[in-house]
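Consider the two complexes below, in which chain A is the common component and chain B and chain C are the respective partners.
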Partner chain A sequence: MTFGRTLAIARKEALQLRRDPRSLTLGFLIPPFLIVFFGYAITFDVDDIRLAVWDADRTQASARLVDAFVASGYFRVVDRLERYPDATEALQSGDALAVLAIPRGYARDLAAGPSPVQLLVDGSDANTATIAIEYAQGIASAHSRRVTLAERDARPTLVPDSRAWYNPSLDSRNMVVPGLVAVIISILAALLTALTIAREWERGTMEQLVSTPVTRLEIVAGKLAPYLAIGLFDVLLAVGIGTLLFDVPFRGSLLLLLAMTSVFLLAALGFGMFLSAALKSQVLATQFAIVATYLPALLLSGFIFAIANMPRVLQLATYLFPARYYVTVTKAIFLKGVGIEVLWPQALLLSALASLAIAATVAVFRKEVA
Partner chain B sequence: MADAAASAPPFAEGGEAVIVADGLTRRFGDFVAVDDLSFAVEAGEILGFLGPNGAGKTTAIRMLIGSLPPTSGTARVAGHDVAVEPYAVRRAIGYMSQLFSLYGDLTVRENLDLFAGLYDLSGERRSGRIRWALANAELEGREEQLTAMLPLGLKQRLALGSAILHEPAVLFLDEPTSGVDPAARRAFWELISDLAAGGTTILVSTHYMEEAEHCHRVALMNRGRLIAIDAPSALKASLERPILEVRTSDPSRAAAILDGLEELEDATMFGRTVHVVVSDEAVARERIAAALEREGVELGEVRRVRPTLEDVFVSLVRKSGGVVAG
Partner chain C sequence: MRGPSPRHVAEMVRKERRQLLRDPRTRLIMFVAPVLQLLMFGYAVNTDIRDTATFVVDHDASASSRRLVEAFTTTGRFEVVGRSSRSADIPSALDRGSAVVAIEIPAGFAADLAASRPARVQIIVDGTHSNTATVALGYATRVVQAFGREQGRAGGDARVALRGIDLRSRAWFNPGLESRVYNVPAVIGIVVLLMCLLLTALAVAREREIGTLEQLMVTPLTPAELMLGKTIPVAIVGMIDLVLVTAVAVLWFDVPLRGSVLALLVAALIYILAGLSLGLLISTVSRSQQEAFMTMFLFILPAVILGGFLFPVETMPAPFRWLSVLDPVRHFLHVVRAIFLKGEGIAGLWPQYVGLLAMAICALAFSVLRFRKTVV
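On to the complex of A and B.
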């Protein structure tokens, strides 16, 4: 492998890229656009839960309980039900996501001891339902504590004090933006390189290339170089957008992020190039790249669903996708500010995937032209 | 040009030929693209691969430049076995494929820079060779133009310049002039002859029979097999029987009528005329006139012509009981 020949390929690839509007759009315009767009659009925060109230007690005590729900900021009262059976209608129509049912005698019972109230939740969206129930329990127990202190003059027994480290406000944007960077770059990386080798076969330029002393590895390395540069540029841009526009903290080392990004990019770009070399068709390679990166990057990377909660088989499958490691890396560097002493397993596995992708590309390539 | 063989340079003495193919065979599944091809080309010689589309010319060349492994047989180019030392072969050769193979979205200079880089040229030699290629393709002053915008003739000259930037000992040209106008084609062949005179060994494929006249020797190929290899003049001399060129109102019907007629060897469409190989000219003239009149085809001029390579080709293929492919 000589530097001169690799450089000649890299230079040629960069020049072609500069004149190709599709690649320029894909490489320079789409990533920042998607990060800004989804940075605003995607939120896992559940607030503003629509609450219907059936208050059969109609006392000061019951009104205070409803106030406690509203005051939390998570619930908004959208309806007051006349009859208990109306709860079914409210949930079915979707007008309310939860129904708070306070039975007659609530205030009387409260003075004496435990006084049951009911929360009905629309469980068809399990995520939101779970969160709504947690909020309601928190509000109820805080309210219960207040009642106990004020009205029965008793001492509370156990007061939990939880705090969320790294993202104290539990603002989901802090976790979305770093993950989003990883997901978007994963999808675009394979798309960018899926064209490169197939295009040369389709246009007949590969015939000419392979008649020169340039080696397979030099072609692959030279072609990767400009896309690596674009990927690094995109990540720098994303860090800028994340910190300046979305106020996401960046606590780690930028240098470490760039180093890890390079390894990740080699794996992701290498995969696209492998498809290109193996399928020898721009259309096929592009379609394959979308299918093989889009859903895994979104669903198996830990971006949306925690990997620890997945079935064992799926957990094992996640190890195959570079996006999985990179989502961990970006979150860890943005939010936790950790260094290589924590991220070395990711670095190691990403390096392995990168080497595998490049070796496989060179191998399928070699098969076609001696 | 009628007798290019006479001006062929003397073959290198003693040493191995520059291109040696020995039993070269390539199958694609059941299809035999190249069948047991053996020949040798000496230094400074121009060998033409001549045959219709599908004769196996491109497949043979791709095996010789080491980009397609042979199913069986061996080939040595510039002293290196193509299967064992493909990179040594590639340093010694230039190759121009039948498709326009430069990058249309790069400028003239960027293309030349690329190939200079791929052939490891540097310093004074690099700039000198790029200047040479520009002058050779008459592209000085158009260095910054996108290659896709050039006329085809200039593209071909630039592609040739790129392929020989590193002054290779051996040059492979796969149908280099397809689609190029006659004037550009003539200029192209002058260049090829100059290179050969300078000692470059050249293997060029074509399906233009008249182009083969520029070659020192011609290898006639059909359906993957080599059917004859010799100087063009020798090949034509090997066709002893006279050939009559028959002009009629309906050449394709005339060819069908005359083909297989007694006393006539074979009749083939040849442009707008029919070429008939005969044994006795006088008898044949009578029979042709009679047969065409009987069938109502209007007969024009009948004259004896010198055999062309195409006549040789058709005659050899028929003699071997074969059919012309393509």
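On to the complex of A and C.
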């Protein structure tokens, strides 16, 4: 493998890319566009829960409880129910996500002992429902304390002092933006290269290439190079957008991120190129690339769904997808600010995947040509 | 100008069917991939907080502090993965990600409790996953409060401990609050859409690139007949996929299907038509397969994200909520979730049905028109 010939292939590939301005623009512009788009669109913060209230007590105390819900900023009263059975209709139609039911005698019971209050939640979306219940519990217990404190100076005996590290405000944007960079680049990387070798086969230019003295490895390496450059450029742009536009903290080292990105890109681009070389058809390579990267990058990478929650077998399967490592890497470098002393397993496994992908591409390629 | 003739369409369908089924690798994509995807992702789409990896630093090492840690683990929400007596071990456990929650119990904890002095416990969560962190913090706070109440009661201060509000929550439609029953029906929608797009988005672009489109042009087939011929086989594949993955969801993942199967099938048919018409539209406006492919990529990620698959549409800023009205995924996910979990029928969901149908018709009509123009 000579550097000069590899460079020549890289130049040829770059020229070809340049002559196809539409694809090139898409390659450069899709990731930043999607990051801006989703950065604004995606918020997991549940803070505007539609609440219907059934207040059978109609006392000052019950009104104060409802006020406490509204004042928290998490709930918005959308409806006042006349009858308790109306709760069914409110939840079924989706007009309300939760119903706060305050029974008659609430104020009286509050003074004497535990005063039962009911919160009915539309549980379909378990995640939102769980968070809504958490908020309601917090509001109810804070309100309880206020009510009992007003009467007597009773201090709670045990105080939890809780805090969230890396993202103290628990702002979902800080979690979404770094993860999103990883997911988008993962999908795009395989797609960029899935077509390259298959296209040369379909158009018949591969025979010309093969008749030159370049070796298979040089072809593969040369074809990877321009896409590696595009990928690195996209990641740099994404870091800029994330920190400047969305105020996501960047606590780690940019150099480490770029190094890890390069290894990751080699694995992801290499996988796309492997599909391209093995299937020799643009349509098939595309279909396989989308099936193998698109949903796995979203669902199996730990971007949204925690890998620790998955069954063992599936957890092991996630190790096959480069996106999994890269999501960990971006989150760790952006938010935790950790270095290679923590990320070395990711670096090692990504390098292994990259070598595997490139070796497999060269192997299938050789067989076909010979 | 004549309408589509059934015979021409049937011939075109036959040609397309042959092309679709010829390659065993395509058959793999069409029939095995969706089932495999649902099996994998059905397990993955889980936001339940169970056995959260917890790191314990107990400076007190007393019977009380051990009971507090037990109170955490008996909920089933927390699992102790490491213990230490040095505070400095917490940052390294959280940095490495080997623990998501850390509990630090200060020295003198038991003494404070016994003397009814306010005792403190520190709970630290890894905030990088904001959702998990919010819920885990909530659970942890409640465990600590319940423990405190119990201690208070044991200390004889029963009246104070019992006072206040007793909030009881109940979740409807999904009493166990399992995230899977909400997410698996959505995965069905995404997997089927993906299939429709994969089979159509490159179809016309490919024929154009390899030159077979001209051969089709010189036949007496009209653009409408061509489009119908390309649509029908894919729609059948889509429906087969839908039935397959729905069966996996119901039989394997035990997702309750409370509504009518007919309502589901009708919705699916319209949705599949909308999906593949959009795919054809992408294909007709693109000049090469690569372009078609990039356009599809640009379409599909926003469609899935705005559709409310990963996070609720209601939490999006208003402009994105409006934009999502144009997203077939949003309407279909609304429909499948309502049919599966709430047992809704067509009557309660007609706006979504109408919306999907309108999208299908517009996309198909537009691709026929667009196709005619490019040919002439």
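Heads up, the rule we're going with is that the second predicted complex is superposed on the first by the 367 of 370 C-alpha atoms of A that agree within 3 Å, B and C clash if a C-alpha of one lies under 4 Å from a C-alpha of the other, contacts with A are read in each partner's own complex, and residues count from 1 in each chain.
Simple rule for what comes next: contacts are C-beta pairs under 8 Å (C-beta built on N, C-alpha and C of every residue); 3 or more make two chains touch, one makes a residue touch a chain.
Since we're looking at a predicted model, the values are computed, not measured.
Q: Under the superposition described at the top, does placing chain B and chain C together on chain A give a clash or a fit?
A: Overlaying the two complexes on chain A (C-alpha atoms) leaves chain C and chain B fitting together cleanly.
Q: Between the C-alpha centres of chain B and chain C, what angle is subtended at chain A's, in steps of 10°?
A: 90
Q: A:Asp20 in the overlay: touching chain B, chain C, both, or neither? Say first, second, both or neither.
A: Both partners.
Q: Counting only touches as set out at the top, which of chain B and chain C does A:Lys280 meet: first, second, both, neither?
A: Neither: A:Lys280 stays clear of chain B and chain C.
Q: Scan A:Ile187 for contacts with chain B and chain C and give back first, second, both or neither.
A: Touch partner of A:Ile187: chain C, not chain B.
Q: Is A:Val214 in contact with chain B, with chain C, with both, or with neither (first, second, both, neither)?
A: So A:Val214 only meets chain B here.
Q: By residue count, is chain A touched more by chain B or by chain C?
A: If we count touched residues of chain A for both partners, the winner is C.
Q: So, A:Arg324: does it touch chain B (first), chain C (second), both, or neither?
A: neither
Q: Could you tell me if A:Lys223 is touching chain B, chain C, both of them or neither one (first, second, both, neither)?
A: neither
Q: Identify the partner contact of A:Arg5: answer first if only chain B is touched, second if only chain C is, both if each is, neither if none is.
A: first
Q: Quick check on the superposed pair: does A:Phe38 touch chain B, chain C, both, or neither? Answer first, second, both or neither.
A: second
Q: In whole Å, what is the nearest CA distance you get between chain B and chain C after the fit?
A: Closest C-alpha pair between chain B and chain C: 14 Å.
Q: Go through chain A and flag every residue that touches chain B in one model and chain C in the other.
A: In chain A, positions 20 sit in both the chain B and chain C interfaces.
Q: So in the complex, which bits of chain C are touching chain A?
A: It comes out as residues 23, 25-26, 29, 33, 37, 40-41, 43-51, 53, 94-97, 100, 113, 116, 118-135, 137-142, 144-145, 147-148, 151-152, 155, 157, 160, 162-175, 177-179, 181-182, 190-191, 194, 198, 202, 206, 209-210, 288-291, 293-295, 297-298, 300-302, 304-306, 310-312, 314-317, 320, 337, 341-342, 344, 348.
Q: Residues of chain B touching chain A in their complex?
A: Residues 65-69, 82-83, 86-87, 90-91, 93-97, 99-106, 110, 113-120, 122, 159, 162-163, 172.
Q: In their shared complex, at which residues does chain A touch chain B?
A: It comes out as residues 2, 4-5, 7-9, 11-12, 15-16, 19-20, 203-205, 207-215, 369-370.
Q: Where on chain A is chain C touching in the complex?
A: 20, 22-23, 26-27, 30, 34, 37-38, 40-48, 50, 65, 91-93, 110-111, 113-131, 133-138, 140-141, 143-145, 147-148, 152, 154-168, 170-172, 174-175, 184, 187-188, 191, 195, 199, 202, 279, 282-284, 286-288, 290-291, 294-296, 298-300, 304-306, 308-311, 314, 317, 328, 331-332, 335-336, 338, 342
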